[in-house]
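Input: structures, listed below.
Heads up, the next two complexes both have subunit A, just with different partners, subunit B and then subunit C.
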Partner chain A sequence: MNEDDIYRASTQYRLWSFTPEKLAALRSSTNALATERVKAAKKRVRLARAQQLSSEKSAPSGDVDANTPKNGGGTAEDGNEVIDCLTVEEELKIIAYYCQQCLSIGPAEPHPMPSSVVGSAIQFIKRFYLSNSPMTYHPKDVMIAALFLVTKTDNFYIGLDKYVDKINTITGNKKMTREKVLAPEFLLTQALRFTFDVKHPFKGIRGAYYEMLAMIRGKYALLPFDERTPDQVAEQFIDLSDAKSKAATEARLSKAYNTAQETLNFSALLTDAYLLYTPPQIYLAALLLADEPLTLLFLDAKIPSSAPLKPKLLATLRACANVLTSINAHDVDRADLVRIDKKLHLCRNPEKKNLVNLNKAQKRDELVEGKLDDNVAKKRRMEREKNEREGDALFGGALPAATKTK
Partner chain B sequence: MEDSPQEPSTAAVDPTIDLSEQLNIETRNKYVKGKEIGSGTYAFVYKGHLRDEPNTLVAIKKMKVMENYKDGLTMDAVRETKYLQELSHPNIIKLYDVFTSKDTNMNLVLEFLPRGDLEQLIHDTGNVRYNSADTKAWMGMVARGIWFCHENFVLHRDLKPNNLLIAADGEVKLADFGLARSFSEPHLAMSTEVITRWYRPPELFYRARQYSGAVDIWSVGCIFAELILRNAFLPGQTDIDQVEVICQRIGTPTEENWPGVSKLASYVPVAKDKVRPVQPKSYYMQLFGTVGPFGVDLLMSMFTLDPRKRVTAKGILDHEYWAKDPRPTDKENLPKKGGGEKKMGEDLKRKGGVLEEGKADKVARKIDFGAMKK
Partner chain C sequence: MSKQAQNNSASARRPPEEDEICRVCKSSRYLNPNMKFLVNPECYHEMCESCADRIFASGPAPCPYAGCTKTLRRNKFRKQTFADLKVEREVDIRKRVNAIFNKREDEFNSLRDYNNYLNEVEDLTFNLINKVDIEKTERKLLSYAEANRRAISQNDVRASKESQRLAAEERLKKEQAIQRREAAQRELDEERRVRAEGKADVIHKLASGESATKVAKEAKKTVLKRTLFKQQAEVDKQARLEAAAAASEATLNGDGDDLVFAGLKQHVEAAPLRPYDAYGGLAFERKMSNLQNSYDDGALPRHENLYYLKQDPRAMAGGYNIKEVYSQVLCEAFAGLGVFLSDELGEKAGAATRGTGTAGAAVAAATGSGDVQMMDAF
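Our next item is the complex of A and B:
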């Protein structure tokens, strides 16, 4: 058993690694399905509302058109709302925005989270949206739940109260509640297929750094294929620096290491790198971007130049490097994000909007008591009914056909 | 069996169900939940089988919603699921599937291990007899299991005889990963409130906030000793007493045998005249001689006070002990004990890291050293 065998047994490899084509196909089918469902759900809600109104007025036939929302994006001739749904690209942009939010919220005071923990949260979000669409579940809700879930999966447990306090302190308002954090937790764990392990390149790159340091210092135990002496290897490294000194080369290594780490803490997390490449491929690609000659020398001591694997590896690393450079910290198009957010507001699945209530409904022990204003009561009723529909499907209950799905 | 799904997968038609929810329903429908074989404060355990293959048995561990825990999924459930999803090895309990039932409780579908646990075999001195070849076979399986965990950078942190379950074919499997975690980033502190007291190494009592696989190795040593003695070797009554028992039977940790120990947060300096020397090999030979001098060497290397010098899981597997006579017993021929199904239920429902109720009082405080001399 070697490291490769271990990696191939991991859920990261078995469930969460894709070819670029497979990844694109997955996202496009998720988007298509969500679009279809948003349209169907909106239609159900509209019909239910129309029906309710017509029965309240006790009018024999409801005027459906009159009851469609005024701001719903227009109404077609046949009474069907025209719903402008998000494209895959728009979905990715809005998801990326909230992943980036993790990078500012996670490490911020109070209770700053280490970067590998935040990195896991981001991967949870990215994995979640392979089978779900932002139109169904808003990335903001999922982000908040994912950042809390990682505190439990990645040994950074601070408890829910402290977490809620963290979020409210950072956002400067008191809007976050325990219920809102927990509401999507089950959806999230389900979509993650109950796998919580994320393998990161952070430890690997540290190993590479120390190995290169040993190479520069002539203290690296060379692999059997290597015919050079440790001193010869050191010389080759030292030749890289302009000053041709050990100190200058070590400084160059530190610089490359820091640059590569920045890449790992940003681009690697926000791009599709984790879904497409292994952790060593990711950190080697980050090093390659930071200092190519240095990284190539490092690889010379790892794999003989004559090995057929070598060109293949380099091609993979360059492809991974391309993915890593596909994002830039400064090129956020805020105007475009605002546009997408507005669009998302109009095409959200109305049946999945209120996760807190959905979650409560799912627990089935909720007692609706006291006076509720009409809106809340209506919402609750819809959730209950939806719940019953689900219950029927799941457990084959003998409830009479629900009226609103007519 | 209130949430045993009686319907085959008919839910595909519901347009409001998410893909992942759909997958969850399909997973749940793969199994039929049978009778309850254990129930505790932490989980219910059911016997179950594959719907399509009634002869393929499974254990279904359903996590309870905790009364006093309101932070969503519990840490134990998260940890156990996280690590068992990654670890696939003959000496680690297999996690086949995970699904949620309608009340959003997590259900772990686990390998069915009907032959009880090592603790039962160890303590049933009236009915179960075993020899040093059997002990070697069991220890080999435990060592391979923990080696695989460490190779995957996972610390078990609750190894003890009743977390070592026995499969129908005699294979021993590490179970209960409710306290497991991955090796820490070097600068992050870890909890010292792990591992059941009798199996907990000295560094945890001294609150070392960074530790390694060595904590599990100490537990393996305690298990090895318990297999030979047929009694717990280090049964402390309280945490403070436990340290005293370790000093007595293993030796007092000092700067000489463990450089740096005095810097650990809860280390209490011991007066020179109170220091007990590390026990010599002759002492171990007297107590544990049945496993031979190589077995004793191995045991002593697991009880090395300084965790940095303690043998590693790899070191255990490379030890000469395995190559010497007797050959370990083939797993099919190992002594067995019936009625393990119930025991599996009992073992899986427990909360990690604690001794079973009343056990500390019942087990003899002192081992009768005289009786063990041959």
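Our next item is the complex of A and C:
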């Protein structure tokens, strides 16, 4: 079992790795399905409302119109209104925006989270929206839940109250509640197929740094195929820097490391890199972007140049580098985002809007659509009391009061 | 053993008068009423106890019988169990052979196999008893004993446990019988006493002038009462006995050591315990790096820099192994480097989990049986 087999055993490989084509197909099918369901749900709601109004002896035709003035498209003759749903690209943009929000909320005070933890949250959001659409579940709700879920799965537990406090402090209002954080949690874990492990490139790049530093300092333990001596390797590295000195090369290495870290902390998290490439490929692509000659020298010491693996790996790394450069921190099109957000507001699935109530409805004796059916409530209460009585009988019940007086 | 000696030992019952005379010292029971005769299983020549003491007191010596060349030792002499020394010798041989060939029927796959085994053993025994091919047979016996020493001793232990269990059962039965007898006796006594008392009571009442019919009626009533009571007692006693039987059964079966499994075909030896391997035989082989004991941290940012950790005795005191960090970090640096998703996932395209539209469908495909109740994702 070598390093690659270890990665193949991970859920990231088994469930959350895709080819670009598969990823695109998956997203478009999810979008199509969601669009269908949004339309169906809207129709159901409209019919229900019309029935309710007609039963109140109002003029039915006028009310249907009165209920749907905001839907932009108006009403067609057969009752099918034209709903303008989000396209796949628009969905991706709004998800990317909320992922970016995650990056600013996570590390902010109070209770700042480390970047690998925030990175896991972003991957959770991305994985969630592979099988769900923003039209069904709003990315804002999912982002808040993902960021909280990740505190539990990535060993950075801060507690629900502190988390709510953190969100409220950052947003500056008191709108966030415990219920809102928890409501989408089960949906999220289910869409993640209960796999919470995200393999990050952060540790891997540290390993590469250790080894490159050892190479520069002539302490590197060569692999069997390599016929050079450690000093020869060091020389090759030192030749890279203009000053031809160890210190200069080391400075160059740490500069490349820091640049690559920045890429990993931003582009790698926000693009689809985690879904398309493996962690070592991601960090090597980031290093390649930061300092190509240095990275190539490092790869020379790891893979023999004659191996067929090498050109393939380089091609993969360059493709990954292209993915990493496809996003820029500064080119956020605010106007476009506002437009998409407005559009999303109109095409959200009305049945899934209030996640808090949906969540409550699944719990015992909680409200369904604001109230619980009286009969159901009575039946449940009776059942509970009966169970308690039986429990008492099993353990002998309470002691008689008479024994106290004696 | 010479022909002569053979004839001596094999001589059928001697005349009774000869029975009383030691053939070595010629002393007779008439002179010495406490005389005991001993034999040695080497040659089965009998002699009196004092002869055995005298001749073999200073170590091994040849048998005093004329023509017998066996060398005997004092500690092997014992009292003979059977009058016929031929029988004595056969029993000894059978005992010895059976101690070695102690396989049981349940160790064989079929009755036929077991019978073949018994036949083989009987052949060996016959050879030993009748002195046919003695050397060859002995060799066979010894080599078998050597080869199967473990199995033999295991069966030996099993047999002794079984006999212990039988003995315990026997003891318990005897105790129960005694208790039953005592209880019956007590009951009989009690009944006799009560009857006598009742009679005395009737006489006393009649003597004190009560009407005869009334007394008779009362006496009948008490008799009735007593029979009812007796019936009840009988039922109780039955219940008690049953409980006791169940309890004794439990004590018999209760000891885990005494468990005997029937129908055990092939005794499979439990594999010897190996040292625990957390990875179940999977070995991790580093292909992409050679792990060194220590790495320089260089200019890593402080939260990643192990230099400070290495300096901190609080961190290191608890047994924190810094090499584990290097091991993990270097493993993650190359875990998946040679995994090309676009190639490998293309190969796996047939797998049902890929390319399914919704998480619900994917999960259903993955779990197959659908034993997890999933909410619809939409």
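Side notes on the structure shown:
Following the convention adopted for this analysis, the second predicted complex is superposed on the first by the 349 of 406 C-alpha atoms of A that agree within 3 Å, B and C clash if a C-alpha of one lies under 4 Å from a C-alpha of the other, contacts with A are read in each partner's own complex, and residues count from 1 in each chain.
The rule is simple: a contact is a pair of C-beta atoms (placed from the backbone, for glycine too) under 8 Å apart; a residue touches a chain by one contact, two chains touch by 3 or more.
The structure presented is a predicted model; accordingly, all values stated were derived computationally and were not measured.
When both complexes are superposed on subunit A, subunit B and subunit C end up clashing with one another.
Looking at the shared chain after the overlay, A:Thr189 reaches subunit B, while subunit C stays out of its contact range.
Taking subunit A as the reference, the larger set of touched residues comes from C, when subunit B and subunit C are compared. Contacts of A:Arg178 after superposition on the shared chain: subunit B is touched, whereas subunit C is not.
By the touch criterion stated above, A:Arg37 is placed in contact with subunit B and with subunit C alike. Residue contacts after overlaying the shared chain place A:Asn155 against subunit B, while subunit C stays out of touching range. Of the two partner chains, subunit B and subunit C are each touched by A:Ile6. In the superposed model, A:Asn132 makes contact with both subunit B and subunit C.
By the document's definition of touching, of the two partners only subunit B reaches A:Ser116; subunit C does not. Touch criterion met: A:Lys219 reaches subunit C, while subunit B stays clear of it. Judged by the touch definition given at the top, the superposed model places A:Leu53 against neither subunit B nor subunit C.
In the superposed three-chain arrangement, subunit B is struck by just one stretch of subunit C from 75-83, 201-209 or 273-281, namely 273-281. Comparing the two interfaces of subunit A, the one with subunit B and the one with subunit C have residues 1, 6, 30, 33, 37, 131-132, 136, 186-187, 190-191, 193, 203 in common.
Considering their complex, residues 282-292, 295-301, 304, 326, 328-342, 345-346, 353-355, 357-360, 362-363, 366, 374-375, 377-378 of subunit C touch subunit A.
Here subunit B touches subunit A in the complex through residues 5-7, 10-11, 13-21, 23-25, 70-73, 75, 78, 81-83, 85-86, 88, 98, 100, 102-104, 106, 151-152, 181-182, 184-185, 188, 190, going by the rule given at the top. Subunit A contributes residues 1-4, 6-8, 13, 15, 17-20, 22, 25-26, 29-30, 33-34, 37, 130-132, 136, 186-187, 190-191, 193, 199, 203-211, 213-214, 217, 219, 221-223, 250-251, 253-254, 257-258, 276-281, 283-284, 302, 309, 312-313, 316, 349, 352 to its touches with subunit C in the complex. For subunit A in complex with subunit B, the residues that touch the partner chain are 1, 6, 9-11, 30, 33, 37, 40-41, 114, 116, 131-132, 136, 148-149, 152-153, 155, 157, 159-160, 178, 181-182, 185-187, 189-191, 193-197, 202-203, 351, 362-364, 386, 389-391, 393-396.
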